[in-house]
Each structure stands twice: as structure tokens, then as C-alpha cells.
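Just so it is clear, A, B, C, D, E and F label the chains in written order, and each chain counts residues from 1 on its own.
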Amino acid sequence: MIKIEVIVRPERVNVVIDAMAEAGCTGFTYQNVTGRGTQEGIEVFTGRGGVSHRVAVPKVCITSVTEKSKQKKVVDSIISAAKSGDEGQIGDGKIFISEISDVIRVRTSDSGTNAL
Amino acid sequence: MDSGSIAWMLIASALVLLMTPGLAFFYGGLVRGKNVISTIMYSFISIGIVSIVWVLWGYSLAFGGGGAFIGTFDNFALSGVDDADGQMFAVFQMMFAIITPALITGAFCERFNFKTYMVFLVLWVTLVYAPICHWVWHENGWLFQGVIGTEGGALDFAGGTVVHINAGMAAIAAAALVGRRRNVDRGIEPHNVPYVILGASILWFGWFGFNAGSGLAANGTAVTAFLVTNTCAAVAMMVWVILGMIHGGKVNGVGAASGAVAGLVTITPAAGFVGVGGALALGVLSGVFTFYAVQLRNKTSLDDALDVFAIHGIGGIVGAVGTGIFATSVGLIYGKTDAFIENIIAVLATMIYSLVVSLLILKILDVIPGLGLRSSESDEDNGLDISDHGERAYVADGAD
Amino acid sequence: MDSGSIAWMLIASALVLLMTPGLAFFYGGLVRGKNVISTIMYSFISIGIVSIVWVLWGYSLAFGGGGAFIGTFDNFALSGVDDADGQMFAVFQMMFAIITPALITGAFCERFNFKTYMVFLVLWVTLVYAPICHWVWHENGWLFQGVIGTEGGALDFAGGTVVHINAGMAAIAAAALVGRRRNVDRGIEPHNVPYVILGASILWFGWFGFNAGSGLAANGTAVTAFLVTNTCAAVAMMVWVILGMIHGGKVNGVGAASGAVAGLVTITPAAGFVGVGGALALGVLSGVFTFYAVQLRNKTSLDDALDVFAIHGIGGIVGAVGTGIFATSVGLIYGKTDAFIENIIAVLATMIYSLVVSLLILKILDVIPGLGLRSSESDEDNGLDISDHGERAYVADGAD
Amino acid sequence: MDSGSIAWMLIASALVLLMTPGLAFFYGGLVRGKNVISTIMYSFISIGIVSIVWVLWGYSLAFGGGGAFIGTFDNFALSGVDDADGQMFAVFQMMFAIITPALITGAFCERFNFKTYMVFLVLWVTLVYAPICHWVWHENGWLFQGVIGTEGGALDFAGGTVVHINAGMAAIAAAALVGRRRNVDRGIEPHNVPYVILGASILWFGWFGFNAGSGLAANGTAVTAFLVTNTCAAVAMMVWVILGMIHGGKVNGVGAASGAVAGLVTITPAAGFVGVGGALALGVLSGVFTFYAVQLRNKTSLDDALDVFAIHGIGGIVGAVGTGIFATSVGLIYGKTDAFIENIIAVLATMIYSLVVSLLILKILDVIPGLGLRSSESDEDNGLDISDHGERAYVADGAD
Amino acid sequence: MIKIEVIVRPERVNVVIDAMAEAGCTGFTYQNVTGRGTQEGIEVFTGRGGVSHRVAVPKVCITSVTEKSKQKKVVDSIISAAKSGDEGQIGDGKIFISEISDVIRVRTSDSGTNAL
Amino acid sequence: MIKIEVIVRPERVNVVIDAMAEAGCTGFTYQNVTGRGTQEGIEVFTGRGGVSHRVAVPKVCITSVTEKSKQKKVVDSIISAAKSGDEGQIGDGKIFISEISDVIRVRTSDSGTNAL
């Protein structure tokens, strides 16, 4: 099993989750995070007409644990849901894949892929 | 005072008291979340400390007889202030003494030692606020009497000099001596914009008491003061909105709130003296001057964190000078010059006295062992809420 | 006006002004966190824009002489409005003109272009609010004069038609033209319930000025208006609580607050005309009608986001018709029909005029290049706080 | 009443109404985030329920004639209360009846069944509040008449016994019967300190109406009451700040707010009877007694969650006894003993009656099927916001 | 070493942490998240008597890094602390196990199991 | 590639991120968490002069995915930025290292180290 962690723009959360569900993910956990990629940060108003440089911006991190076999399909559907326009834009996000050695469902004590 | 005026002055006093928590939220929303309790407490504690100072000796120093420069201790603990009129006046004025030093705190928030601040409150109200209040509003005061003419002195209806310019100059002194915030160059976003607008709204609401109460009666002057207060605030707010759109393309909520406060500041000295036309003019001037004052201050190294000088200092100066220009019958536009000159003298006198004595007080507090102006680096990094108050503003880790 | 009445009208005016920020928080708490500044600003900016419009020409169009349908420009910039009574009335009425368009914004929040809204404010107050205000409250107005009888016209003590039905109809127009929010079918939870209750509480507090001030004097009518206002609000609140428990099993905080506001709306036209019995009856009717109006609206495709029509439109209609029924001496239950019929005429006239002219104004704004009603999809997804105001309401990423 | 006094009493009534939402935020900030709606609603719903109870029979039981112990049903639905003075008094007193039971809720919040609470409100106002109110403030009441002398009875200007001691004793009853919160020993931090200070500020603002309105006129007594109210609150606040620094080294924001509320409680019975000196003395006594009362309570197993007894009970007792000591002309320090003894009798009578009848009411509610005092364990763990109100206070998961 | 990530109902956080500590975990990090499993979401009031369908609900994610040898004991104690009633209920949570290659304690620069 | 997760005191976030960037990390994601290590919790004021024992305290978790070769350099720079004084103090934080099997940049669909 693999854990897929996706960092996306907050306004894309629902679209990305829907796309991942379509591609076979059965569960999701997401949370607000703050992030900074190679993008240089954004300019923000600091209240009174001043402009300030903000290096990190709000993002949402979506985590889903799923079978390794679904990796390609899920990644592709994430990309098409999270990308801004055809070209994509800086800040569109990243996907991190890692191995999960076990999953346990608390309710039933099922483990492994049965618990997904 | 008849019962109608007592009714109005009671509620006007309550309104002015409410402005201090309003200011607490206005300022509190503008700082980072780790300093919001600290910033709110700078204002809130002023209600506690200055109420006591005022009742004990502050009122007496400001209004207890005396000569051109300072009152006496004759009314210590308000002894001798027994009738309704006298007590009502003492109460109403108390609310002004409470909010004035609270205004200053916008300059030094996020890094000023809270214990030192409590001592500062006592000294500043006694040594800076009470004297200037006496000069301008007590019948023996030298600015009230006037310097150049025989027709009376400076016109300051509700506190352009006494409150706003005074606080604005002390703000410069404090910001300069306490130094810049660590990390300020990374850019600091207001942590809670709804609080900023809540605070500005409470300020606006309370300001009706501040200005329309300053005639000490429920009469036509109060009504006009109410009308011009609202008009000037609305205009200055829209000037900020428009200038913000020109410079940034968006309608900044914090900008609108700031513009409204600037307009309220500017109309303060003028409220009982100008009509709708004057209010419209002052609103435009206030908006333009204070907006660009903030932009200019941003280019300096002075970390007047919430732009107390730009909003209250500059806004107050525009108002005080503008009163000399637009005041019905006696202003420059009516061909008279006395009021104009007297007001400029009052502005300068207030600026110099407030700056110098505030600097002195702060310098002394800085070297007293156990006090000192500046929080330690780690206290500042941790946030003053934890460091000085032992509290977290928002607890949301969901447990229990 | 004697000093007691001036005192009361000063504070009543301040109270009504405070209702607009109260509304801002009531509405602001109900929307999603990414649109809270935007929603608050829809209300807050109305204070700036409408204050100016009213002082310049709004008051004059509504109350500056004229015939049955509209005033004049005679009192442009309040020229000629010089005495305390006149200025007091202009100020008090200004506060009503400020809050009425702000009420509408609940219908189109979370997706309405802010710049277009600012233009809308100017046009709507000029072309919809001022005329209807003239019809109902100016002595020459056709609804004030009455249509059928000789005993005077419609009874609208504090604005059931002028304010609430008017705003409710404009809300339908706006919600229909701007269209449904993206993702609204996922179900949108209020992002901050304490703000909703804070806002409702400030509205309730301010409504005492709104209703008990509308007799323009501190007298027995004001006291009765105060009493019935509180009674009707309390009853409608409890009706919502009970209906909510019947349908959902729980005591919904947002429901209680909404019921209270509905009750306040309903008593508005009746406040000076009914007693405790009428207030109890109107409270029950208000609660039942507005609660089920919300449920019905939920079944339609109209995305009147915060149910402005259900609460203010239906609540106002119940109040205006109810005034014709329960008004002491002249209501239906006293065997008279004139007031009842006049009020129904006033309700219909307001509904039609407001709907038609609001639609026209919005249609025109929609096609003006650079304006347009609807935010872009990405602006809406990002949230209007960032898109239109360049600000985040809450910054909590803990840095610096 | 002349128009000035009507003006003052209208706004004073509005101010006292606003205190209940103020209390809602004061209490709401002190609890955990999962119970904030619940805690706010305990107060907010009191406006709905008690307004109705008061208008229907509460006023009549308290003030509708009758003998030494209870009024009548003669003024059911305020029939016969038709003139401005009578209605004004009924309205002003209504606001006191609303806030008193809301004060109690600080004792049992975070675990008290909301539906039971709604029934409790009706019973408690009818069976506890109205009788004690009748005893102390109706001219036929046995405590008003006095027990020992011929010069009149207990002095309670604005509700030290009727409101605060009464609520404080009911708080003990409720905290004891509902039991300790689960997990309380882990230590519970206030979830929103700005709300605490916002609430305290609104309470302070509203308290001017509470105390300075209790003379029912805009006159010198009102002015003095206003002055001593502010003074006592300021002193008690600073006593809490200083004691907090001695014990914890920091200036606790919640502590400052709590001290202010304690001072406001203590001056309540005394407000119309003492001068500045008395207010200073009462402020010191109030701060010291209530601060250490909280520390002592912390050592007991009684989970009076927000220390209603320590703040309102002890604060009220200090005030009521202190009134007997410091009341101008008739207090102990003027060599008179009657008022002192009458006040002690009133304190004891209120304490006993309130405790016993509150216990009875709660015991009965606890065994009624479908009611019961305590939320289920899982409701409590989930938080009452979800369990009893079906709402989350803050929604910030960023979606849509 | 392994990382144990547990998603639980917010009201269970303390009980679960206590149980994990009992079973030998020495440190914890937790945070508020929003999640959705195979459960179909819940009905929520949308303020004014309306009812709406919420697909994701608030959860808390507890993370603890510990020795691999403790895995079974910790998982068992989590299950017994987090499960609602004997049967368990939808929404009770999931446990994810993954490998951690190194841990470093900042204070002492200790690494590996010494840093736990 | 490895994922470096660092738990630090909130007031150190910027300093640590700067140090990590210096050492070669190109992107960061951080979030507020609550944590408890072997430290015994802290005493907090509970509002009214009372003192209470809080077992868990606010922390920030910074995540950065980077090449394995940079591990030592990054860890060293984190330690020097996050440590309080020369001795370090309880609560200074922990660093967790784990393997990441793949990274994808949404904007470009790049994967592997190209996506960092």
C-alpha cells in the first residue's frame, strides 16, 4: 500500500478529492497547511495600502492511503484536477508517494488492504 | 444641566468608555495572533489604571483650578466635586484620559514590556495628558485663553490637540525608543480582519459620544456635531478606499476601517464649529493626508507599528488646522485669522511638549532596573501573550 | 424638540448606525470563512457610501418637499436643514438609508463583484430607497396621504415597507440575476456561529433605537415601542426554537438568532401602533411564516444565500399586514378596514416598485464593461476576501 | 417621568439587555471551543424565554401589588400597566430578570442539558427571582419594609441581593447537583481570551445602565452611581491584576476581566448610596475577597466552572454588607446600625431561599423523564455544540 | 522504527494518547484534520432548520514514532481506546503504519531509538 | 528521496526554514500541531489565578522532501537553528526521516528529483 500526499491550492480541495475518489481512493484526510515551493512567494496587502512579500501561502494537504496498483491512475487524475489551465501555474502543488507497511481499521480490526 | 442633558452625558460617557475596548479590538486584529491579548490588554488595563489616577489626582491637575499651566491637588479624590454637573464633567473627561494613552500603544505593540507600560500609564497621564488638557480646556489654561488676541484661544471641540496630536507625538517617541520589531521586514499581516472592523465600528459608534458629547448638552450643537462627525468619517473612509484601489486595485477592509478612523480623528477638534460643507472638505483632506502619511512612514525605519502618528498625529493636525480654516464665522474662509493662528500655536505647543516629556519619561523607565522598555528577544519570539500574560488567545487543539 | 428628546434621538441614531456592523457580523458569521471580509465589507462600506449619498442628495430626494412621488434637490448637501430638529431627523433617517441596502447583500454574498456593488449602492439608494421613503414617510407621499380614504394612509411606524419589504424584494432580484453559488449543493455551514449571535445581539440592541426612536421623541410611545419590540422578538425567537426542535431535535443557535431578527422585522411597522397583545400575536405569526418561508425557499433553485426575502420580505409583510390588523383603534380587530387596506396597497406598491427597479438597475450594471454582477469562477473559488479585498480574515500560520 | 428621564431609562434598558450577550461572550470565551455555542446560548435563550415569562406573569408576581412575600396575577400580560412610567419600569426590570438566571449558567456550563435548562429558566424566574425581587424592591416586600426598625429596610440599589447573591447561591446548587465535568482535572484553558475581554467590556458598558439607571431618573444620583460604578470596577480590576502578579508573576487578561466584573458586582447594591471614597474601599474589598474566593473554590471539589459563586455570590455579599457600612448618612461608619443589620438579614434571607428553592427545582427536573440535569458522557465528550445544538462554532476546514 | 498515524474522533484524543503512552509510546504529535472514510458523511444543520449533507467530518490525527517491536501492543491499545462500544461504529478511525529511517532529538543530537 | 519532518517551537519556524533552505531544501510545508515529548508538560494559568498542568504544547511541524544526499547537512543546520542556547532545552524538538518513493510536480508532471 502507498500513502499519497497531495499539496494543492485550498480552492481545489473538493475537485481533487472527487477526482481521487473517481480514480479509486476510498478514504481521505485533509488539513490546512502553509507552504512554499520554488515559487518566490506572493505579494500581499498589509492592511493599509502597503504591500508586503509573503514567502509562504496557505495550501491544503490531502492524504489518502491506497493500493500501490492504483498509483498511476490516481496521480493522473490529481494532476488533471489540480492543474490551473493547460499550462499549469506555479503553486499548483506537489504529490508525494511513500510506502505504508500496514493499515488497521479501528472499528473491525481489519488490516492490510481490507482496511482501506 | 437639565435632565435631557444629563441623560445625554451619561450615555455619551458610556460611549466614550466603550471606545477603549473598541480600540483594543481595532489594534488587536492588526497584530499577529501571538500578541493579540497583549495588544488588547494595553488598552483594557488603561481603563483600570487611568480611572484610578483620574479620580485621585488627574482630574484635579487638569481641572482643579490653578494657573495657565497646571491645575492643583484641591480636588484630590474628587473632593469638592459634588454636584451633578461637576461629577458629570469629571466622568466624561475621565473617559478621554483613558483612551488617549491607549492610542499610543499602537506604536509600540508586539514588543513593549507590559509592566513598564503600567508605570508609563500613571506617569504619562499625570505629566503629559493632564497639563495639556489644562492648557486647552481649562478656562485658565494658556491655550484656552489665547496667545495673540483677545477673543479667546485655540478651538479644540473634542480633543484634536489634547487627545490625538498628543497621542501621535508620544507614539513617535515610543516607537523610536523601543526600536523596530524583530522580523518586521518579513511583512506582518493583520491576524484577524473581522476584529479590525468590529473595533473600528465600535470606535465610530462611541465617537458620537466623544464629539456630540463635548458640548456637554443635548442641544443643536450636539446634533450638528453628530452629523459632521458621521459625514467626515464617511468621506475619509471613501478616500482611503479610492486611493487603495488606485494603488492596489482592491478594496482593502483594513484600509476602509483605517480611513474611517482617520476621518473621525480629523473632525474631532472641528465637530462643534463646522457645518456639512466643512465636514466634506475635512474628510477629503483627512483621507489624503493620512493615507500618504502611512505610505511615507512605511519608507522610514520608524516602526510605528499601527501608524498612530500617521492616523492620529497627522489626522489631528489636519483637523486642528482645518478648524482654524473652516470654523463657522471665525475661520480663515470667513476672513478671520485669530482662530487659525491660535490653533497652529496650540498644535505646535502640544507637539513639542508631548514629544519631549514622553521621551523623558520613556528614557527614565528604560534605565530603571526591573523595568525597561523592550521585551527580551525570546519573549518577543514567543509572543507577548504567553510571555507577559501567560495566556494563549485562541486554544483550538481540540482535546478533552 | 426638548433636550430629553434630543438626547434620545442622538443615541437612537447612534444605535441604528451600530446595526449595520451588527448586520455585518450576523451575515459574516453565516458565510464561509473565505468570504467573511467580503460579506462584512458589503455592510461596512454602505456606511461610507450611503452617508455621502444621503447628505448630498438622498435626504433631499426623500424629504426635500416635492409631490406624491419624489422629493426635490432643494436640500442638496443638507442646505436649508439648519435647525436641531431638521438635522436630527436627517441624521436619524440617514441611518435607515445605510442599513437597508446592506440587508440586501445577504442574498448575493459569496459571489457578487464588490466594485459593481459600490455603484449599485449609489443607484439603489437614489432610485429605489429615496422614492419609497418619500411615498411612505413624507407628508406629500401618495402612500402617506392614503389612496382609499380620507383618514390618512399606510401605517409604517419604523420601516416595514420602506426598509424590510423593500430590501426583501431587491434581494430576490439580486439573487435571481447573480445566480447560484458554485458548490452550494455540497451544503455550506456557517463558519462562525458566535459572530452570528454577536451580530444578532447588536441588531436587537440597535433595534430599540430603530423602533423606539421612530416616534422622534422620548415619550410614552417610545416606551411602548420599546416594550413591544422586545416582546415580539422574544416570541418569534422561541417559535423558531420550537419549530427547529420539532424538525431537527436540537436548539439551533443560528435558528434562534434568525427567529429573533425575524421578530424584530415584523414588529417594525407596528411598533408605535400595537400593545403587548398585538406584539405576542405578531411574534407567533412572524416566527411561523418566516420559518416556513426559509424551508420553502430551500426547495427552490433561488440562492437567496442568507434568506433575506424569507426573513425581511416575509417578516416585513407579516408586520405590515399585521399592523393593519392589530393597530390600536384603527386595525381590523377594532372593526376598521381603512388602515388594513392602505397597508396592503403600500405592501404591493413597495414590492412591485422595488422588484422592477432593482432588476433594471442590476441588469444595466451587469452589461457595463468593467462591472458585471458575478465574480469570476476562480475569484469565487479562491474566496472573495482574497480576490476582491486582497486580505485573509484569519491568519494563523503561526510564523514569525 | 420627564422626557430626559425617559430618554435615559430607554437607553439604560437597552444597555442592560446588551449585558446578556456580553455575558454570553464573557462565559463563552472561558469554556472549551466545543462548548462555546452552548455556553452562549444559555445566555441568549434567556432573552427569549424570560422576556415572555416576565411580560406574562413575572412582572405581576414581582411588582403587581400583593403582600410581604409575593405579588399577584393582576398584571398578567402587563394588563393595567399602560402609562409610560409603568411600562418603562416593567421594561427596565425585565432586563434584570433576563440576566440573573443567565449568570447562574457559568456554574454548570459544558455539561448541563439544554432542554432541561429551558424549563429551569421558566421555573426559576417564577419561583425564585420574582419572589426575592418582590421582597426587596416592592414597597410591600418584607425586606423593603425592614425587619428591625422603622426607618425602612434593606438597601439594594441595583441588585446585590436580588441579582448577584441570588444567582451565586443558585450556582452552588446547580454545580453541586450536576456534578464535576469529565476531564476537568486535566486543566481547562479558556478557548478565546479576546471574547472574554469583549464580554467583560460589554458588561462594563451595560452596567452603567444597570446601576445608573436604577434610580429611574436622569439626575445627580444617576451621575454619582455612574462615577462610583466605574471607580469600584477599576479598583477591583487592579487588585486582581496585582494579586495575580504576586501569585503568578504575569498580568493575566482573564484575571483583569474577572476582577472588573467582581468590582461591578460589588458596587451594584451600593451605587446610589456611596461616594468616591466608599467606591475605592469597596473596590479593594471586592478584589481581595473574590480573588481569594476563587483560589479557595479551586481547592474544593465543587466544579462551579466559571466561579459564579466566588464572583457574584461573594462579590454581592461584600457589596451588600459594604452598603450597610459605607452608605452615606446611614452606614456603620456614620454610627448607624439599622441599614447594616437590615442588609445582613436581606443577604441571609436571599441566600437561604435561593439555595433551597433552586435545589428543589433542580432535583425535580433531574427526575422528570426526558429531562435530567446532566448531558450523556458521549454528548459531553463530543461537546455540547454538536450534541445539543447540532452546530460547530468555528468551521475552518477550508473546503469548497 | 515505525511511525504510527492514528485518525480518531476528536473527543477520543486524550483517551487514545493515554492508552498509547501506557503501551510504551514516549512522544506524540497531534493535529486537527478533516476526513472521510467509507462512511457516507453526516447530516448537518445548516443554520436555519435546513439539513445538509457533509461528506467530511472533523477528526484528529495522532502521530507517534516508536520501536517496531511495540507495534502490536500499541495498535491493540489504540483499538480498545478508540472503538465506540463493543461493535465499533463507522467513523471510529484508522491506523497507518510506516517505516521511519531515522529520528534525531534536537536538544542532544541523539539519533535512532535513543532519540525516542 | 527522503522526507524530513521537524517538530519545532512555533517561534523558531522562520529561522529553521531559512537554515533548511540554506542547506539545500527547495520546498517546505508546515502546520500547527500540538505535541508532547518526554517533557512533562508545562504549567499554564487557567484564567483566574489558578495554575493547571498542560501535558501537550503548541508546536509547528515543518515537512520538506529532498535528496537523500542532503540529509546530514540539513539535519545539522536544523539542529543549530532549532536548539535553545548551547545546551538545548526540553521541547526543542525532533526530526523524523523517512523514505519517499516518488514526487510529482502537478504543474509539469515532472517526477523524481526533477520535481523537487
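A few notes on this one:
Convention: a residue touches a chain if its C-beta (ideal position, glycine included) is under 8 Å from a C-beta of that chain, and two chains touch if they have at least 3 such contacts.
Nothing here was measured: the structure is a model prediction, and the numbers come from that model.
Its interface matching that of D-F in over half of the contact pairs by residue number, C-E stands out among A-C, B-F or C-E.
Of the two chain pairs considered here, C-E and A-C, the higher C-beta contact count falls to C-E. In this assembly, the C-alpha centroid of subunit D lies 43 Å from the C-alpha centroid of subunit E. Note: centroid distance subunit C to subunit D, computed from Cα atoms, is 34 Å. With centres defined as mean CA coordinates, subunit E is found 19 Å away from subunit A. Distance between chain centres (mean CA atoms), subunit A to subunit D: 51 Å. Shared interface positions of subunit F, i.e. residues touching 2 or more other chains, are given as 10, 14, 30-32, 34, 44-45, 47, 56, 58, 98-99. Contact with two or more other chains is made by residues 2-5, 7-8, 11, 34, 183, 186, 188-190, 218, 248, 250, 252, 254, 390-392, 394, 396-400 of subunit D.
On the side of subunit D, the complex with subunit E involves touching residues 34, 183, 186, 378, 381-383, 390-392, 397, 399.
In the complex of the two chains, the subunit B residues touching subunit A come out as 30, 186-190, 196, 240, 243-244, 247-248, 250, 252, 254-255, 258, 291, 294-295, 298, 307. Within the complex formed with subunit B, the residues of subunit C that make contact are 2-8, 10-11, 13-14, 17-18, 20-21, 24-25, 28, 36-37, 40-41, 44-45, 47-49, 51-52, 55, 77-78, 83-84, 87-88, 90-91, 94, 114-115, 118, 195, 218, 385, 388-396, 398-400.
Of all the residues in subunit A, the ones that touch subunit B in their complex are 44-55. Within the complex formed with subunit C, the subunit A residues making contact are 9-12, 14, 34, 44-45, 47, 56, 58.
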